[in-house]
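Here the chain labels run A, B, C and D in written order, and each chain numbers its own residues starting at 1.
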Amino acid sequence: MARVVVDVMPKQEILDPQGQAVANALPRLGFDGVSSVRQGKRFELEVDDSVDDAALAKIAETLLTNTVIEDFTVRRVES
Amino acid sequence: MTTTEHLADTVENAAANPETPQPFRELGLKDDEYARIREILGRRPTDAELAMYSVMWSEHCSYKSSKVHLKYFGETTTDEMREHMLAGIGENAGVVDIGDGWAVTFKVESHNHPSYVEPYQGAATGVGGIVRDILAMGARPLAVMDPLRFGPADAPDTRRVLPGIVAGVGGYGNCLGLPNIGGEVVFDETYAGNPLVNALCVGAMRVEDLHLAHASGTGNKIILFGARTGLDGIGGVSVLASETFSGDESAGKRKKLPSVQVGDPFTEKVLIECCLELFQSGIVVGIQDLGGAGLSCATAELASAGDGGMHVDLDLVPLRAEGMTPAEVLSSESQERMCAVVEPSNVDAFMAVCAKWDVIATVIGEVTDGDRLVIDWHGQTVVDVPPRTVAHEGPVYNRPIERPADQDALIANAPDALARPSTPEELRETILKMIASPNLCSRGWVTEQYDRYVRGNTVLAQPNDTGVLRIDEETGRGIALATDCNGRYCKLDPYVGAKLALAEAYRNVAVSGAAPLAVTNCLNFGSPEDPAVMWQFEQAVRGLADGCVELGLPVTGGNVSFYNQTGSTAILPTPVVGVLGVLDDVRRRVPSGIGNEAGETLLLLGE
Amino acid sequence: MSPRIGVITFPGTLDDVDAARAARYAEAEAVPLWHADHDLRGVDAVIVPGGFSYGDYLRCGAIAKFAPVMTEVIDAAKKGMPVLGICNGFQILCEAGLLPGALLRNAGLHFVCRDQWLKVENAGTAWTTRYEPDAEILVPLKSGEGRYVADQSTVDELEAEGRVVMRYVGGNPNGSRNDIAGVTDARGRVVGLMPHPEHAIDALTGPTDDGLGMFLSVLDAVVKA
Amino acid sequence: MARVVVDVMPKQEILDPQGQAVANALPRLGFDGVSSVRQGKRFELEVDDSVDDAALAKIAETLLTNTVIEDFTVRRVES
C-alpha cells in the first residue's frame, strides 16, 4: 500500500474568487502581510503497490484535474 | 488496535455482573429512569441497551415533557375535522386526501442545536432528515420550506451562523432537486447562541400507495440500505466507548468526537429514486427512515409497530469506521440510510433495484415470532429487550407549570408609552427605518440561494407569502403552504400568539386561492424544566388546538424542540405553524402584491 | 411520427422531468436515456439536463463525462446530431470536450437563482432559429458554478466565429468571461447554456415562456435534416 | 516573501462524500487498486517575512479550516 497525494491548483491566469475572498478577509481579521492566496484541492489516495506512476498520472490528468483550468502534481508519500 | 476492544458487554455479562457501574447520567438518564430500565429488563442493561434507552428516552425522541400536553390535539380533533385525514399524529408525517386520488404528506422538524455547532452541515442534514420522513410514507418529496430564526443581524455570531445555515439549506435542497417554496427569516436577540432551523418537506402520492412502516410477518427480512454507518453524531454515546477502549489511545480520540453529521445529498437523491422505485414495484412491506437515534430507533419502532419480535445481526451492518462498538453502531446518526421490511421472496428483486441505483443494501435481520428485539454482535447477544419499552413506553413527565411572575409587568409595558411620528417627515423616516430593518427588509440574499424552479411545478414561491405547487399536471390540482409565527406575540400571550400564528398561515393560504385543509407545527421552546417555559408551552398548545377547532382543521403532525436557550435565557416561545391548503386548479391562484394591472381596486376586508 | 428528443438521466440529474416536459410542449416525443446504457434509442436530438450528476463533488460534470451514454452522445454529435447541454449538462459537454472552456464557481461564491435576461447572439444554431437575432429573453438561472472561462485565444475565436449563442444582459450574474451564457460548437449543432430554458415554457410555472423557442427550433432542425 | 502551503483535510472519522464519489468512479473508469480517496483543500499563500508561524497557525485555524470537521497542516515551502 502506498499513499499518494495529488495537488490540483487553478491555473495562474484563472481568476480564483475563493482565494481572493480569503485574501480580502485577512486584513479585516487583523492579519497583515499576506499578499496572495490561491485555493485548490488536495487528494489523498491509498493505492496498491500494483498501481504504477503512469496509472497515477492518468487518474490525475483525466479525472482529478480539468487541464483547461487547472494544473496538478502527483507524489507518493510514505505512510 | 488491541483485541480487548471487541469484548462487547453482552446480556450474559450484564446478568453475571449486575453491579458494574454505568455512565447513565452522562448519557442523560435520571436515576429513576435507570432504575426503571433495570426493572424492565430484570437486570442491568448492557452498554448497547443503555445506549438505546438513553437516546430513545431523551426528550427529543420520547417527547417525555410534551406528551401530556400534545394529547390535547387528539382530544379536540372531531370526526368532521378528520374528514380528509389519512394518517395523523404518531406517523412519520401527517397525510391528507386532496382529491383526484392524491394524498399529500407534510411535516416540519427542527435541527436547531446541530445548526449552531456546525451551521452548514446542521442545516443540510436537517433538510435531509425531514425529506426521509416524507419518503418513508411512500410519497415523492416535492418541495421544502425553511422557517429560520437568528440573533441580531449585526451580532458577530449571526455572521458565522446565518450564511452557513442558508448555504446548507440551499446546498442540500438544491442538490436533491426540491424547490424551496418559502420560509421565514426572523431576527431577535433571544436567538443569539440558539438559532432555529426548522425544515418542512411536502410530498405526494396516490392515495392507494400510502405506506405505514411496521415489521410484521415472521421471517420477513430487515434490510438496511443507503450510506454506510460511521461515527457520526454519536457524541454522547462515546462515553460508553471509552469504557471499552480502556485507556488506550483511541479512547481519548473517541471522546472528543464532535456530534456532527455530514450530509451527502447526492446519496440521498439516489436513495429517493431508489425508494420510490421499490414502493412502485410493490416489493416492500414498509420502509422506515433512520434519523436521530439511528438504528436504535428504526429497529425498535419497526418492531413495536409490528406483531412479532425482531432479530438483528449487527455484524452485517456495513461500516465506514474501524473498531466501532455495538453501542456506537446502534446510535450512529450517519445520514442517508433507510430500513426496509421485505418478504423473503422479494429480497432478490429488492437488491436488483438497489443495484440499479448503486445503493448499498444488506439484510441485517428478520422478523421473529417472539416479542423481543434481539441484537447479536460477534455471535453473542448484546440487546434483548421488549421493543415497546424502548420506542413507546418511555418516561412521561408532568412538569411543573407556572405563569411567569413578570408576565403582567411585560404586558403592562404597552407600546402606548412610545413616541409616535407626528409629522409627515417623521412618518417618512419611520417607514424608511422600518423597511430597512432586518426583520422587514428584502429576503433576496437568502432566497436567491435556493432553487425554486426545479421539477417545473412551482406556481408561487418567493416573494409570495405562500408557496403553491402543482400536483397534477392534467387537472391542475395543487397545494398551497405557508408557515408563520410571531414569537413576540407568543411571549406576550402564548395562547393568543399561537392562535395568531395559525391565523396568519391560514390567511396566507386562503388569499392564494386555496382552501386550508390541515396543520403541522414545530414547537420551539426553552427548557421544559423551567416552569415558566412549560407554561408558555402548555398555553401555546391549547391556543393552537383551540384555534384549529375554530377553523375546523386537524393538526396532522409536528415536532417539539425544547432546551432552546442560552444560559438561563429562553428563546421567544416559537410555535411555528404550517398550514396546507388545496387548489382545484392552480391556474386560478392569486399572487400576493398589488399593482399587477392598472386600475386595480383596493378593498379592505375585516375590521 | 413526431421527432424524438432524448433526455439523459445520470444519478443526481434533477431537471430531466423539466427537459422532457419542454420537449413535449414543443410536440416532440421525449425519450428517457439512462446514463449506464450504450444506447441513444434512435433519437433525433439529445438534451443533457441540469442537476448535480454524481453530486458534482469533484468538479461539475467530471464524472458524468465518462458515462457509457456519453460515448454515444459524443459520436452522434460528431456526426451532427443536435445536442443541448443545460447547466450541469453544459458543464458535462465542456468536460467531455464537445464544447470549449469550463465553468467555475460563481464570482460571488454563492448559488444564484434568479430570473435572468439573455440576448440571443446567434439565431442560427440548431437550437435558436426560432428567435430573432438580438432578441432578449427572460429565463431562470440557477447555479453555483456558472462562470464561463476559456483562455483568451478561445474566447477570441468564439467571438470571431459568432459562437457565443447567448449573453447575459442587465448585469453579469456570475463573472462569466464576456458575459457569456452559452456557446456552440463550430457547426452550430451542439449548444451549451447555463440558464434554464426548460423552466420557461409556461408563464404558470416560470417567469415567461421564452424558453420554448429552443425546443421548437430543434424540431425544425431535425425535420429539415 | 515566503510561500506557505496549508492543507485542510476532512477529519478521519467524518464522512467525506467528495472523496467517496471519486473512489466509486475509479473502477468504472477502469482504474483498479485505489482503496480510498479523501478530498480536501490546498491553500497557497504568499506572505511577508514578517508573518511568523504563530500568525500562520492562527490564519489556518480561524479562517481556512472549519475545525469542527477538518484538520489542517501548515508548512513553509521555498518559492
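What we mean here is this: a contact is a pair of C-beta atoms (placed from the backbone, for glycine too) under 8 Å apart; a residue touches a chain by one contact, two chains touch by 3 or more.
This one's a predicted model, so the numbers in the text were calculated from it and none came from an experiment.
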item	value
Partner chains that subunit A and subunit B have in common	C, D
Between subunit B and subunit C, centroid-to-centroid distance (C-alpha), Å	37
Centroid spacing, where centroids are CA-atom means, of subunit C and subunit D in whole angstrom	34
Centre-of-Cα separation between subunit D and subunit A, whole angstrom	8
Sites on subunit D at which at least two other chains make contact	17, 21-22, 25, 29, 39
Numbers and ranges of subunit B residues touching at least 2 other chains	264, 266-267, 358
For subunit C, residues that touch 2 or more chains besides their own	54-55, 57-58, 63, 66
Touch relationships between chains, expressed as pairs	A-C, A-D, B-C, B-D, C-D
Subunit A contact footprint on subunit C (complex, rising order)	58-59, 62-63, 66, 94-95, 101-102, 104-109, 149-151, 175
Subunit A to subunit D touching residues, read off their complex	1, 7-9, 19, 22, 25-26, 29, 31-48, 50-51, 55, 58-59, 62-64
Footprint of subunit B on subunit D - complex, ascending	10, 13-17, 20-21, 24, 66, 68-69
Residues on subunit C engaged by subunit D in the complex (per definition of touch)	54-55, 57-58, 63, 66
List of subunit C residues in touch with subunit B within their complex	11-12, 14-15, 17-18, 21, 51-52, 54-57, 110-114, 140, 142, 144, 196, 198-199, 201, 204-206
